[in-house]
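Here come two complexes built around chain A, the first alongside chain B, the second alongside chain C.
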Partner chain A sequence: MEALKQELKENIIEQLNLEDISVAEIGDNDPLFGDGLGLDSIDALELIVMLDKDYGIKLTDPKEGKVIFESVEVMANYISANRKK
Partner chain B sequence: MKKVYINSIASISAQKTFDNTRFLEEICSYAETVLPVVSPNYKDYILPAAARRMARGIKMGVVASKLALEEAELENVDAIIIGTGMGCVRDSEKFVSAIIDNDEQYLTPTSFIQSTHNTVGGQIALGIGCKGYNFTYVHSSNSFESSLLDAKLMLQNDEANTILIGGVDELGAHTTELHKVVNHVKKNIENSLDILKSNTEGAVFGEGANFFTLGNEKKSSTYAEVIGIKMYNTLKSSISDLAKQFITSQKIAIAHIDLVILGNNGDVTFDGNYNELSSELFANTQQVYYKHLCGEFNTASSFGFWLASKILKNQHLPKVTKLNNINDSSFKYVLLYNQYRGKNHSFTLLRKC
Partner chain C sequence: MTQKNHIKSYVHIKNNTVSLNGTVVYNDNEPDFKSFIKGAYKAVDTKYPKFFKMDSLSKLAFLAGDIVLNSEQLSTEEEHNIALVFSNKASSLDTDRKHQKSIQHKENYYPSPAVFVYTLPNICIGEISIKHKLYSENSFFIFDGFNAAHLEVYATSLLADEKADKVLCGWVEYDGDDNYEAFLYLVSPEGKIAHNTEEIIKLYTN
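Take a look at the complex of A and B:
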């Protein structure tokens, strides 16, 4: 699980071009949207594509992302339970 | 009809031109056939949250526009008109590569959104809250001239009072490789400043953003007056005849031209038109060139327009730009001529204010 969280943080930084943020600065339970990393709706679409491409998880309802993308911890748990890759 | 003035300028190029207090005093030379820009610190001008989705072309355009607006002491303009030959080619390459690599699956939105040609104009408008006319000309190496002509007509007809115009193009790695394959880029060069001595085919490529605010009222910051512009996709008569026709149509004579700014890029196959003008019609006129400083790109002529503006305002000509040994020291009328690979010829005439 720790390795998956590390991988997710690295992918989020790379995919979303968060040039000024390091892996160490993203806490497992930090909110990704709003007051946390400050991601927006376009980032949510990027994360949906990342889930599909890297883990074989297709989100049919984008509203699900609101819950799944709450934090790296929540994302890692969801991916572990649902991954097909 | 109202007059058209260049009220401010800003340049980001392979030289340190973003500092407008200097005028090509410190020259960068490269032993490369593709010249990157000397970038300002973009973070000083663009918020990190906005900058993270911007490729270099957008950053260059946004920052150059901010510098131009600042110098003109304008917070907004009536219109934004951009010229770009290739638009946001980096994001276009990224998006198309993703389509191919992922078998048309997993397409992410950011590079698609940012890859359109009018992204720069859109980002500038969003930044300053400009809801006016916003247009992007994608006319190959006449893109900047098209934006200039559109702005000139609007200002002359009093349809707008202040217009931001700019020429912007960025280098894309894949696109540049393709140009290398078809020999549009020189195979090698020891010093980018020596392109005219290379005697080889192809050009040294570059990128950049040159922005200007134009207005129909003269200000203390005014650089020059835009007198005329004419474009030709292909030539139906000799370039000398067209130059004569253009100058005559502006109601002046060849002898009135104090300086000719030529877009020679050192491609032996296509520099003939430039050589014809420099050795015949303007043999007795002072001449300068600039693509050894900024490289060749579809809107490189906007760097020539920047150079002309600086020369007319400062009445000073940097030695590194000199093409012949004539040394006039005062400049009233400056003529620019540009073409790329024998197509998209343009004449632009500026006058000292």
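Take a look at the complex of A and C:
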């Protein structure tokens, strides 16, 4: 699980172009949206694509993302339980 | 009587160099556009994290626009009636190619929303408008080359018809690391350089 969380943090930084933010600065339970990393709606769509591309998880309802993308911890748990690759 | 307009300030970004009103404000030897524009962004102290999410055309246009508008010392708390009239040759082709690549193969079909939103050239106008609170007239023209005469007529018309108080005009082209250039100038009733086709071409070619 720790390796997955590390991988997620690296992917989030790279794929969402979070310049000047390091893996160490993203806490496992930090909110990704709002006051946390300040991600926006396009970032949410990008995370949905990342789930599909990297883990074979297809979200049919973008609203599901609101819960799944709460934090790296929540994302990692969801991916572990639902990943197909 | 027709109001006389002037070019109040102008910025040029090309060949790893940023200049404002003919004076170099940043220069480096970075081998690629991404490194160069990041260095320029940090050097001119533009604090805007969303910059790094933009495509190359928007980064180029945003930085050029930001430098000119910052030199005007506008308040970021209020609206400004500054029209934006931009042009280029390659449209958003660089980003269009990236998007096409992501949907080229059915078995590897993962279009990126963050790339797709930049598959129009005028998105760069939106980026500048958001930062500087410009809810104003805007247009993006595609030409074979820099068309000073068209830009002059268009800007003059906007000012004469009182559609805008000032007009930020010019050329923003990005089609790969070896083909990028931004030349933006602010047309205003104030200033020392006459706003006419000859002067625009002179500033552009200098």
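Keep this in mind: the second predicted complex is superposed on the first by the 85 of 85 C-alpha atoms of A that agree within 3 Å, B and C clash if a C-alpha of one lies under 4 Å from a C-alpha of the other, contacts with A are read in each partner's own complex, and residues count from 1 in each chain.
Assume a contact is a pair of C-beta atoms (placed from the backbone, for glycine too) under 8 Å apart; a residue touches a chain by one contact, two chains touch by 3 or more.
Since we're looking at a predicted model, the values are computed, not measured.
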* To do: Mind working out whether A:Asp52 is in touch with chain B, chain C, both or neither, as first, second, both or neither?
  => both
* Counting only touches as set out at the top, which of chain B and chain C does A:Leu16 meet: first, second, both, neither? -> both
* Asked: Is A:Ile42 touching the first partner chain B, the second partner chain C, both, or neither of them?
  -> both
* Which partner does A:Asn29 contact after superposing on A: first (chain B), second (chain C), both, neither? -> neither
* Given the touch rule stated above, what does A:Ser80 touch, chain B (first), chain C (second), both, or neither? -> neither
* Residue overlap on chain A between the chain B contact set and the chain C contact set? -> 16-20, 38, 42, 45-46, 49, 52-53
* Structure fact -> Per the touch rule, the chain C residues reaching chain A in their complex are 38, 49, 51-53, 110-114, 117
* Touching residues (chain side chain B, partner chain A) in the complex -> 48-49, 52-53, 102, 105-110, 113
* What does chain A use to touch chain C in their complex? -> 16-20, 38, 42-43, 45-46, 49, 52-53
* Hey, which residues of chain A end up touching chain B in the complex? -> 15-20, 38, 42, 45-46, 49, 52-53
